[in-house]
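Beneath this line is the structure, given in structure tokens, with notes to follow.
We just call them A, B, C, D, E, F, G and H in the order they show up, numbering each chain from 1.
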């Protein structure tokens, strides 16, 4: 029996070059990979326009071969709204935003895009802190977590973690919300499937779609990458369970 | 007092983020506080993400220190091979370059300066911890320039590390510093 | 001859945008420009355009950012606090070199201020109120017809330079109605928008387009190889605007020993005061900047050199007057009549023509 | 018996260990004495025999450093 | 002699606030001032103070608004886009006459820009970047010690004038460490804060206090009887600041035929260049504005009148240089060295002393 | 049997002077009245500090005899946060905001104050449009409602009404949410009782409290006041039901 | 028989009709021929006999225009 | 053509919000479009809320119209008694004040202008609709000044109201206009 070998997994074609310097163990590049794979599998690259927020995903669309932009901190949903309406609803438009970008400074943009029922997909990368600026408290920081602005661990005086996929369920303009943790193989597959459904719902004009993806930030958590994913397993997953929270199905 | 009697010492330390370049500079500056009237430490790096180029400037002087950035420095410490090229040019004629040489493939180009090759990564690994490359090179620097005594650095290290169950680390650091001094006296 | 319709300045802004081929408006209500928002909400859907009411002026700017990046002509309008809230976004637009038109129908005062007219955003408009020292061309109309015409010019210049352009009106201009003749103005051909993000399939491209508002060192971005190269580009653009886009109008300045400088509704008041003064034999004239940035420094400097004095009239505590003083370089007198000289201390007050006339008499 | 193999790009690997942690066949390890040009510890495909070409290591790698190959029977030339 | 500690400029800002008795910080992270945010998060709770991380810089400004209205000394800090986003709120603070301190450790460029140092917010800081033409005193330190000292002065002036005060640093200053001697500076007595809103029971009052950021005609508000009266008050306040709060430092200007004008970290570079030039026998000096608004116009005008030339060095495309030209009134030459003259085209570049020296030689 | 008369209902003492010119039939003054009565009955006037947003309640605290302020459009929750923390939690701090102020431009402020669990009370006056600026679409505008920016009635393309009391239930930092429609006698009493509970929960440091109050805007609705309240009965109440949606009870 | 009465301040009333609409005893009306100084139609307390001093009209009035009085028996001087 | 042959007519109309002041001005301006080369209408009011003071300026001219606000106008129409005081002073010497007089308690003060007292509220109520006070006073104005014919106003009214089932309102408005003209010929 002669054997040949066939390449079954490699860098997606849409990914240009390689990383631009994320820290070891960071899942931001995993999000790049997921997005590329999903767009390739759905054959949507030519129709997709992405918007990155400010944070460690600022350069997302510099190295992905689809049209894209970055923009003001927090404003990606409004930028996506502008693109979508400019082109009369034609493209697939999605954002990549950090948790600080999306939930803190961008909370009002998300809320209002959801209320307007914009046909866009928001992808929020939740690493429970502000990675770019050196690890400050984010709205997603979990109770007790030490950050540079909660040096003794987050306590109730500094509020509670925010759960956007669950929260947005209550808004009529929202068609789909979900959360996945692509740091495990199962989570990776879940993330892909959620992203696919989100894009489908968007194209079906069902409403706003929202996918949260958990991500490690080892240096700011002061952990090694392996410690970081253990911490995610132990602390983040209980706070931020994976799953679909709303799916209006098909179209509007 | 500083050992040379010179009014001013300045140095640029260069490397990549997360490898103790800034810390080495800060140690030197902190130690200089007691021996010099003026002290300046200026770090410079592109982002908090690890691995990017990273440098700091340290100036110890008994005169006023004006500019925080230097066109050319009396000395440059190159802690990471990848930074050798750009930073060799930042040494004043007649100045000193101290270069981590474990990963270095060819010699540096300038002949109007003194270049010290210290295989700091190798020595650090030999000491049991690759993290002390910075202390080794700092040792080489103080030895070569006489800017400060090792004890001045020790005191700062002690303040930072003592009493927190980090005695081992402290000892390692001190050892690395002296290993660097030795290497400077007897370069590779 | 095109039909004349009686419309408010605010509506005329809207008609101007439509004449310029603009079909996209994103904006948030604020007095005294609500007629603009309402206009687009009413008219754009009728002609296949898009009106989206944003949730704030910060969002308006972001929506402009998206729509401009997608390559369409897009406009917003605001006033007062909304203008303040748009500053960050305007700076992002300038950095990303996105052409669009931003209208500010100035209301009164800092903070919440008043809902009425004033001319107090001159400095923030001409100096780039947001972060980082960007520049935008600032055009300022003085009649309902000019609202329509300058909006068209604004779109043209925005596309010409890939830069946001500001139309700086004021509450009086926005509220008042005059006859308007609608027509599309022809301009020189414009560069192609090769850089838009509409989906690569739209242009059968091999490589993507990327719009970035951060040209920093971290990301290897197009089209500038370094931050310095980007700043160089900005500098060249601003120099080109300064050289080519100065606009102003003169009124009866022939033999004037005293020249008024005023813009917008205040220029109208001064025009009347010129006539009143000349009727009394006082030879005075009016220089009305149409572009506030770039500012007509040279013509003022020349006049000053030949001894002409100036009376700056503006409905503020003194902003435009600084640019006139800068131009004059101490070579002649610059007098000032400002918001404290209004006929009423309320926010509905105005510097009336007879007040200007009094000042003309006092200083000439 | 091996059903596939992987190639780890040493220019890209940053030694996070995710591939090691999640390979169901424990084919990968970080020996600790091998460094990348940037100074990171390197992951090494140590147990090629066990690999089933499941691609999980590839999914988990943030650096696009892993290519996965599956062994396929050579096509018998069509009759 | 107080203990000397080695701290970064950013931390020194924090120590200055604590020395001034400030116990409240509200702010949002942004590079290159994160050490300020982190400092207050760490230190304030230790001494019974309050640190709140806001959700945006717009929120920071609003929190300052609340805390200042409640009568406490309060500070925030930001940079770049955060500065832009704070403009609306700063205008509200100015209108409501609420004393507070806003620190901007400038980073590079418009938009998102870069995370590094530059000096590109000079105009928006000195001109009131937000709506309505308000003014704030702008103080600019050039050393770590001065960060600490000027923050204290800023609090004093804020309370003296019931107005926000800006401390305009830059990324280099914020990042660099120098020795600091901490001590509380004594200033003249301040007016009582009779107007604060803390609950009437706190002062056993019969009538309430009301803080408004809209002094318009609709609401019969205290303490101004009309909008005109309010604007009059602003004008008087700004005049008083202009008259009394100009600050600058001179360095070796005795016989200088060429005077450099620079602030912040760039002034440090120039100081070195002065020494280098003098060592070569070229008599040049440095005038370093400490208050950017009000600007030391008079001293520059005097020097210009006696024929001194100027070399403005600033890490921008040219902002401060306009104020110098304005002061000089064409009476002598004003040369400019800006961000395009940095030693590297990256955002980590700087105008180095030898570049300044070259220019000195060229123009003198 | 001799009779005397006793004054049993009149303008609350805390209300200074009379209205400053709301339109006939507007309920903004009813909100003033409710707030005054509740503060008087709870004897909290000396301890209360109010913050009005921008809209037809901008002058609220000019004519109420408690300390107060107005502020930037939408920013009242952040201003209230500043006051509360400045005074180390001592005063009762509440906001009065229009629906546009609170839900549109202020949505992010509300979301983040809720996430932080600020001990403040937000009172949102929902009149289904932007009253002050002449009747534009608000996030609360109901489907089909004609406004100056939805001249053919709000349709799905312009999104769906937002229900903040219901939405905020999902946030851990929120202690109490409710909605009342004080345009009927029963609604009036409900509003009072909700405001009282909200203030109690705030003083018990239970978390953020939120009360929505329905209000008519006759001129912008192009109705007489009586038509307006009929419309509220027929259209607004079904969309915006009265009731308590969350009450964490007592203290934190 | 009447248990109370109300006083409508004609300076303040803006004729919204809310008091009329909600008075459970129908004591109030807007006749249509009486105007306030500002030109608004005025509400008038037309049926004093039916008033039970419930205060509802007062609650409902946005203009703080209504004072409500309850009739009370005069106290018998204490023995 | 306008009936007087004058090159310019200007008028300030004053009242309170929501009572048709602005509309009356707009009607006049719109009607003036065909008869004058230049037309300007400028409304001025403090807020959208009803009942606040409210005014507008209308200028019809065959010359350039410069200032949108006037120090003094040729004529003032005072539609609401409360505005009589402030606006009487805005009339040029020799000009005209037309005053709604139903609610007026005392005569106006100036004797250098012509003052016309029109009980417009009374007449409007008599016509069956208090809302047409503005048309009545506008009628008085065009009659007194000859600025435009009533038919010019009619045409604008027709454009605005015709064909929308509002014929009755149209008729009422026209009647009010003429009633006002009559009242001006024969003032109270």
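The working rule: a contact is a pair of C-beta atoms (placed from the backbone, for glycine too) under 8 Å apart; a residue touches a chain by one contact, two chains touch by 3 or more.
No experiment lies behind these values; they were computed from the predicted model shown.
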{"item": "Interface with more contacting C-beta pairs, comparing A-E to E-F", "value": "E-F"}
{"item": "Identity of the chain that, by mean CA position, is farthest from chain C", "value": "D"}
{"item": "Separation of mean Cα positions, chain D and chain C [Å, integer]", "value": "60"}
{"item": "Intercentroid distance (Cα basis), chain B paired with chain A, Å", "value": "41"}
{"item": "Whole-Å gap separating chain B and chain C, where each centre is the average of the chain's CA atoms", "value": "55"}
{"item": "Residues of chain C engaged with two or more neighbouring chains", "value": "31, 55-56, 58, 81, 88-89, 92, 96, 111-112, 115-116, 212-214, 216-218, 346-348"}
{"item": "Residue list for chain D, restricted to those that touch at least two other chains", "value": "none"}
{"item": "Residues of chain F engaged with two or more neighbouring chains", "value": "21-22, 24, 54, 58, 70, 72, 74, 104-105, 107-109, 112, 116, 132-134, 139, 158"}
{"item": "Of chain E, residues touching chain B in the complex", "value": "4, 6, 31, 115-116, 172, 175-179, 265, 268-269, 271-273, 275, 343, 346-348, 350, 352-355"}
{"item": "In the complex with chain D, residue positions of chain A that touch it", "value": "1-11, 15, 18-19, 22, 24-30, 33, 183-185, 188, 218, 224-226, 229"}
{"item": "Chain C to chain F touching residues, read off their complex", "value": "28-31, 34, 37-38, 41-42, 45, 51, 53, 55-56, 81, 111-112"}
{"item": "Residue ranges of chain A in contact with chain F within the complex", "value": "74, 103-109, 111-112, 115-117, 139, 156-163, 166-167, 170-173, 252"}
{"item": "Complex contacts: residues of chain C adjacent to chain E", "value": "58, 80-85, 87-89, 91-96, 108-116, 118, 120-124, 127-134, 212-218, 225-232, 234-235, 238, 316-317, 319, 322, 325-326, 329-331, 339-340, 342, 344-349"}
